[in-house]
Amino acid sequence: MKPVIYVMIVTGIIAVIVPLFADLYLYSILTTVLIWIMLGQAWNLLGGFTGQISFGHAMFLAIGAYSSMIITNSLNLDMILTLLVGGLFAGLFSFPLGLLIFRLKGPYFALATLAFAEILHIVARNWKGLTNGGEGMMLSNNATFLGIEIFSNDEYFFVALLLAAIVSLSCYYLMKTKAGYSFIAIRENQDAAEAMGINSTRTKSTALFFSAFLAGVAGGFYGLYNKFIDPEMTLTVHMSAEMIFVTVLGGIGTILGPVIGSTILITLQEYLKEVPMFQSFSSLYLVIYGLFIMIIIVYLPGGIIDGIKKIRQYFSKGGDESDYSKSG
Amino acid sequence: MVQTLFDGLMIGGVYAIIALGLTLIFGVMRVINMAHGEFVMIGMFVSYFLFTSIGLDPFISIIISAPACFLVGYLLYRFFVEKAKEGGEENTLLLTAGASIFLINFMALPFLLGPNFSRLTGDNLFWQNNVLNIGSVSFNSALLMGFFVTGILICLLHLFLTKTDIGLAMRASAQEPQAAQIVGINVSSISGLTFGLGAAFAGVAGSILATTYPIYASIGSLYLVKSFIIVVLGGMGSIPGAAIGGLILGVTESFGATYIPGGTGYRDVFGLIIFLIVLLYRPQGLFGKGV
Amino acid sequence: MTILKVDNLSKKFGGLNAVKNVSFSVGKGEILGLIGPNGAGKTTCFNMIAGVFSQSEGKIIFEGKEINGNPPYVLNNRGLARTFQIVKPLAKLSVFDNLMVACLSKSKNIKDARKKAKEVITKTNLEELKNTTAGSLSIGNLKRLEVARALATDPTLLLMDEPMGGLTPSEVDGSIQLIKDINKEGVTIVLVEHIMKAVMAVSDSIIVLQNGSLISKGEPNDVVNDKNVIKAYLGDEYVKS
């Protein structure tokens, strides 16, 4: 079945079933899941498919968030436009960044992205003229989507559902293009890729652009949904790390990965927060979360998707067939 | 101005020993330890706990905090880091990031550090509130003692690495793990030892810092960033680099705090920018070999 | 027609003269063998032509245009392909997808690339391993994939860096045949290799390097009987006076 049809069906089913029993609280959890799916897909483009692990992706989220907030407050443009512009700003910012740091290998690249994000964090906290510093920015106009006012949790949920579907499908189809093949080639072996005619710097820049763009779009939505943003909820290492974790848990380098990872991690966090025992020890769920991450990285680095594949291989006569080309 | 200089040197000594642990871990195992700050925090906690329960002087408690951190580091390595290494250097980065979350929140549990700040206060500590004046400069006695402890430890480390068998094994494993294995070195244990040693150093710094600074579960991230800057500046894997880098950072911060007006908010940006410049244009730092 | 002309090529690494004034040319459709004792400068020459680093002195002219430290992907787009001595497969991808990546560099779209990949797979006898993960192949097949990938980029000149290292005798024979087949299609080949059987079997001409200098050049039989070459490889005692 063509993926577009499949996604449309699934999205349609969700859109119909959820309102039957959801309350505002459930809508908010689901919207959060969908936001992190988008963020995970964004990070995954650069980190999972192209193999450049960024530890500072929060900066793209923040650029999108602040842009969207400012544009909506001052120009009251439709959400589609603001999100696109926010994403574009993030994407454009990524160009010089990439050119500067793509010469760095592996962990050094990661550290550089971390440093950049931290610098932006400090700037955001201090540049009151632009970001209102630590006080943050409130949404002063109601956001509209295609003219419809989006205000309550359920309304945001439907927009998020649509966006997440579009983002995921876009990533899927991007990976099927010539560019997508180059991303993976760079990840697997940059020297070999270059010898086959692939311009590694341009390829990485392309991957980074799309990755930053999508993170900016998701960040813009995140800001509009929360109706408030400040540096501490947009530019922390925690945000960058969470994008990585939802992807790694689900399955790095796959399209379903961020979907699965986000669903599990976010609902787990929300569920744990509600359990009485965890309420008295508020950091307990983070203890479990941290341990969980560690165990996955060590014992199941391909994430849950890899785990499912291994179970399937165990029960069938698993050969050496590579379904890497078909996975996604 | 001389006062500012010496203030900077004192805290720089502590930074140096934290960075030393990190550079050891990186130099020998090429692991970027995102949880390094948490070892400092654990050291702080151990000293705090021993002081409040049995009145043990933090400097003496180093005898316990260092091995405690060593143990945590060693276990972390053997059970997690070692296996994560197979997935590549970024994999270990992710793993140690997860370990960081785990450790911070574990120590934030009520029966340990809890969510609040703690401070080590009390009487009968010969260095407590004791300001030593040499010439026109006044020293925080605790940090001064810490400075000497750091100096001694650096010398001991140097002797350890160059004159003992284990030290030699560590250096061999760092340079060529496969060749080291062939000549009978248990690279796995040595790596674990090294990781533990790096953690222990951080723990020592924690004990020293506990004398003067507030203690809370997430304080590690402050020191992590600083030690990264130092390690990159001094050269990853270079011991003199970590030592000198630590002093440089301490002095720079001290002068920055004293003489740059109003830019306190942006102060940390300077360290980060230096970090980026060094990473991009002189990745081997001041003393390191090629990256 | 000369496809590759190397003129007074030199490379210094600090105080080390790795390559000293080497000159040779390769005609279209030829196979040139490049041999010499270890440390002779073969790989350094190879790397300069392949764009890994630039020369200290001298000219490299490929199809009329100069090469001086151009990045490998630029050279590949101009029609120069290379294989790696230590194979570099795209490990997690299937053999077919490895070739897809190579084909995409010259094809206009995915469909054309797929067609070309199927052709190359058949030509290089990798049909049965089409869906196998590259990382799990044996060394013989890895080397074959290495050649197939280079071939898939439609080169006019193919540089091969010790493609037979680690192969069994029958695999060497297979490799010799593959090289001949590729050459028949019109691809010019420069082959760096130690396995003399292969060099003798495929080369139209051979050049010999020693200590960075070119000590012999010509047809295989002449070179093999050249006193300087025998001295370089085997030592004085073997030179028949």
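Order of writing sets the chain letters: A, B and C. Residues in each chain are counted from 1.
Going forward, contacts are C-beta pairs under 8 Å (C-beta built on N, C-alpha and C of every residue); 3 or more make two chains touch, one makes a residue touch a chain.
In this text the structure is predicted, and so the values were computed from the model without any measurement.
Taken chain by chain, the contacts run in an open path, each chain touching the next and the two ends left apart. Look at the CA centroids: the one farthest from the centroid of subunit C belongs to B.
Rounded to whole angstrom units, the spacing between the C-alpha centres of subunit A and subunit B is 33.
Averaging Cα coordinates per chain places subunit A and subunit C 43 Å apart.
Inter-chain spacing, taken between the CA centroids of subunit B and subunit C, is 50 Å.
Those residues of subunit C in touch with two or more other chains do not exist in this structure. Shared interface positions of subunit B, i.e. residues touching 2 or more other chains, are not present.
The touching residues of subunit A, when paired with subunit C in their complex, are 176-178, 181-182, 184-185, 188-189, 191-200, 320-322, 324-325. Only residues 50, 71-73, 76-77, 81-82, 84, 88-94, 96-97, 100-102, 104-106, 109-110, 113, 131-134, 136, 149-150, 152-153 of subunit C touch subunit A when the two sit together in their complex.
Remark: subunit B residues 32, 79-80, 83-84, 87-91, 93-95, 97-106, 108-110, 115, 217, 221, 225, 228, 232, 265-266, 268-269, 272-273, 275-276, 279-280, 283, 291 touch subunit A in the complex.
Those residues of subunit A that touch subunit B in the complex are listed here as 53, 55, 100-101, 103-108, 110-112, 115-116, 118-119, 122-123, 125-126, 237, 241, 244-245, 248, 280-284, 286-287, 289-291, 293-294, 297-299, 301.
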